[in-house]
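Got a structure for you, questions after.
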Amino acid sequence: MYQYLSGILTVIAINITAVCGLTILTGFTGMFSLGHAGFMSLGAYASVIAIKYWGFSFIPAMLFGGIVAAFFGLLVGYPTMKGRMRGDTFAIAMLGFSETVRLALSNIYPYINGALGISGIPKYSEAWLVLLIAAVCVYLTFRYTKSKHGRIALSIRDEETAAELIGVNVTREKVKNFMISGFFCGMAGCMYACYYTFITPNTFSATTSNNILAAVVFGGMGSVSGPTIAAIFLAMLPEVLRVVQKWRLVLYGALMILVMLFKPEGLMGGRELFSGWKMRAKKREAGK
Amino acid sequence: MSLLDIQNLTVQFGGLKAISNVNLSLDAGQMVGLIGPNGAGKTTLFNAITGVVPKTEGAILFDGKDLSKYKPNQIAHLGISRTFQNIRLFSKMTAEENVAIGINSIADYGIISAFLGLPDARRKDRETKKKAQEYLERVNLLPYKDAIAGSLPYGIQRKLEIARAIATKPKLLLLDEPAAGMNNEETLELIDFIRNIHSDNETNMAIILIEHHLEVVMNLCSDITVLNLGSVLKKGTPAEIQSDPAVIKAYIGERRKSDG
Amino acid sequence: MTVFIQQVITGLSIGSIYALLAVGYALIFSIYNFSNFAFGVIMMVGTFGAVYAINLAGAPLPIAIIVGMIVAAGISLLVELSTYRPMRRKNSPRLYLMIAGIGVNMFVENLAIQTIGSSVKPFPSNWGRIILNIGNISIAYADILSGGLSVVMLVCLWLFIYKTKIGLGIRASAYDVNTTGLMGVNVDMVSLAVFAISGLAAGLAGVFYGMKYTVYPSMGAVSNKAFVASVIGGLGSLPGAVIGGLVLGLLETMVSAYVSSKLRDMIAYLVMILILVFMPNGLLGKSVKDKL
């Protein structure tokens, strides 16, 4: 029972962490990506190498994974964002990125065993620990989005041209947020590896990317609490509804269509969980 | 030395010369009008100044600097700000947040401070919020500060866009058809509004105003440049422009012989 | 030398499949200015339609191809009518349409996996296996068929778009859908025509792909190459899409033969990135800049 519960909690934590990354990129900067699994893969592999070959312990390895992923974010991000890529082109380019990562990793045999994957990864991901890390990530993301960096990101999302003409350095902000999102996904990748103890280049697939995207879409872009709640819900879904497990992705697809048709602002409508209370409190103050 | 000096500017897209040999100059504090029929190249001129479209020939000098060497966001920091024909507010953010971006388009603290919510960052956020509210107050939009920009009435959105533009403390403000879609009452209000921000600002701000509602331009501007088909048709005071036959022809067309 | 010619023929053959897909894709893109991410499953469903026509109804190949094309066109219209059109009516931002497209893709692909099974199947026709030998060069009948029919399809498409009234409506819409509507063109008709044609192209391409390789629920991923081909040829340009498709097919085949077959799939994305960075308008595309 404990095993079962802690398993779900771990999966939830991994999901939440990855979703934090995509929230900053898609929910706040408006860059729609179909290949974020690539960052998770890079982070997973980097951290596993650090653990197995350089004797890193869990948290340093996780941070290392995040940093490596962020570094690739810089490598890929800078040339692509300078060119002012269209939204859909960027999404497909990210798919290409994720595919390239997969193919590259499949063909490197020294150290990482290519397509056969790495096994025997120590199970560092304890439920309480990863949940704590996930909670910290959510807090950090929340603070970031409320800060000027987050507001500037939103301005890029809403009206990129106007933002630039008002003085926002759009390329720099996009690359920055891209790297940050890579960092969070990289960490999630490490958490994943240290729970399932076995990874291959195919582990983090287009389906993984779509799952993270689903959480951001359902939770609502422009919100942190929305996608977080959606991430929890989506992670629990296969467990809670055993019967649905096989049809999970079919359900996600249908839900995505319905959400876009009927409630595209998502669960939270772009606001945070507590903003409703804050608004009412402000009104009360103003009324006095 | 003029604040803005446009010399022999030509902007060509493929085979089309959107702007042909245009000369225009402006001193600090002046308010100048830019009028002309649709397609005359007025917005293209704004786009060229703000760095959005590249120039083909000629020069644009601002404060002595050659603007072609700067990227659009840098030009904004040099002191040029603009509004758009189809309002481009950050529609999902509040009015206050829109103005705040104008005040701080570059964050004044690092990402670590942002992530950790350090007191320094929070203090700076509060300061910016206060400044944003001051700007809103100055343009009588304070009651709308928490409203989502996209949901505001049209006239208010126009004013908000202008408020956001002046929050950058520009030396030169480019207004692109601010009265578009307004009725007579709103237009009169707008005239007062623009007059107020022109006289009450910290940088001796100059304004170039593109407008089709000619009463706005005639009322506010000391000098008017008329563009037609990409070239300057005439320059002069409102009185001179209003009575110039070439200008009338460009706008209204030639009187038919049958009308006598 | 013969090996080289062989590679060129293979390249052109796969290139013609990409060209068909790219055109189907570019047609929607050039008018509605968004990527139809459901395109892949449209192709897949059409292909399976053809497969079932042969397996369940014993249809001869030509009939099966037509069935496949019609099924794909049908699905394409279904997606447009149920999802895209209502969202356009509500003025939904492009991003939402694309996400909805991904939703359709996820839904249909996984539905197929759950009902049919994800394993790959050969296309049930011997045409895929007959080889013609000219001297030292062998060409599969399927390649000749696919190349030939692709050309026919593209010519028909060209005639339709440039010589018919609806085609005129489509071309006008490519400039500005709203104005075109205001000028009296039946934009609903145009959208039906566009999505139907896009589906027909996808279905045909899918059948050829199935004949040349295999058929499986996730085969829609091949349509990502359609996107890449469009980018290479220039987003928004139909002739560009054709050229982009052929170029991509040739490039993939050459790299696969002379450098490394493992790199084949990466080539598409690498080329796309290079083009986007160095030649953002592709070979023939028009620059769709933000109108200020």
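The chains carry the letters A, B and C, assigned in the order they are written, with residues numbered from 1 in each.
As a working rule, contacts are C-beta pairs under 8 Å (C-beta built on N, C-alpha and C of every residue); 3 or more make two chains touch, one makes a residue touch a chain.
None of the values given here were measured: they were computed from a predicted structure.
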| query | Which chain's centre, taken as the mean of its Cα atoms, is farthest from the centre of chain B? | reply | C
| message | So, comparing each chain's Cα centre against the centre of all protein Cα atoms, which one is closest? | response | A
| Intercentroid distance (Cα basis), chain C paired with chain A, Å | 31
| Hey, how far is the Cα centre of chain A from the one of chain B, in Å? | 39
| field | Inter-centroid spacing, chain C versus chain B (mean Cα positions, whole Å) | value | 45
| Among the residues of chain B, which are close enough to touch at least two other chains? | 52, 84
| remark: Note: chain C residues in touch with at least two other chains are 292
| note | Two or more other chains are touched by the chain A residues 161
| said: Which stretch or stretches of chain A touch chain B in the complex? | reply: 140, 143-144, 146-152, 154-155, 157-159, 161-170, 176, 180, 222, 270, 279, 282
| said: Looking at the complex, which residues from chain A come into contact with chain C? | reply: 30, 32, 34, 79-80, 82-89, 91-93, 95-97, 99-100, 103-104, 107, 161, 206, 210, 213, 217, 246-247, 249-250, 252-257, 259-261, 264
| request: Can you check the complex and tell me which residues of chain B touch chain A? | output: 50, 52, 72-73, 75-77, 81-82, 84, 88-93, 97, 100-102, 104-109, 111, 113-117, 121, 124-125, 128, 146, 164-165, 168
| task | Please name which positions on chain C make contact with chain A in the complex. | result | 34-35, 83, 86-87, 92, 94-100, 102-111, 114, 221, 224, 227-228, 231, 235, 262-263, 265-266, 268-270, 272-273, 276-277, 280, 288, 290, 292
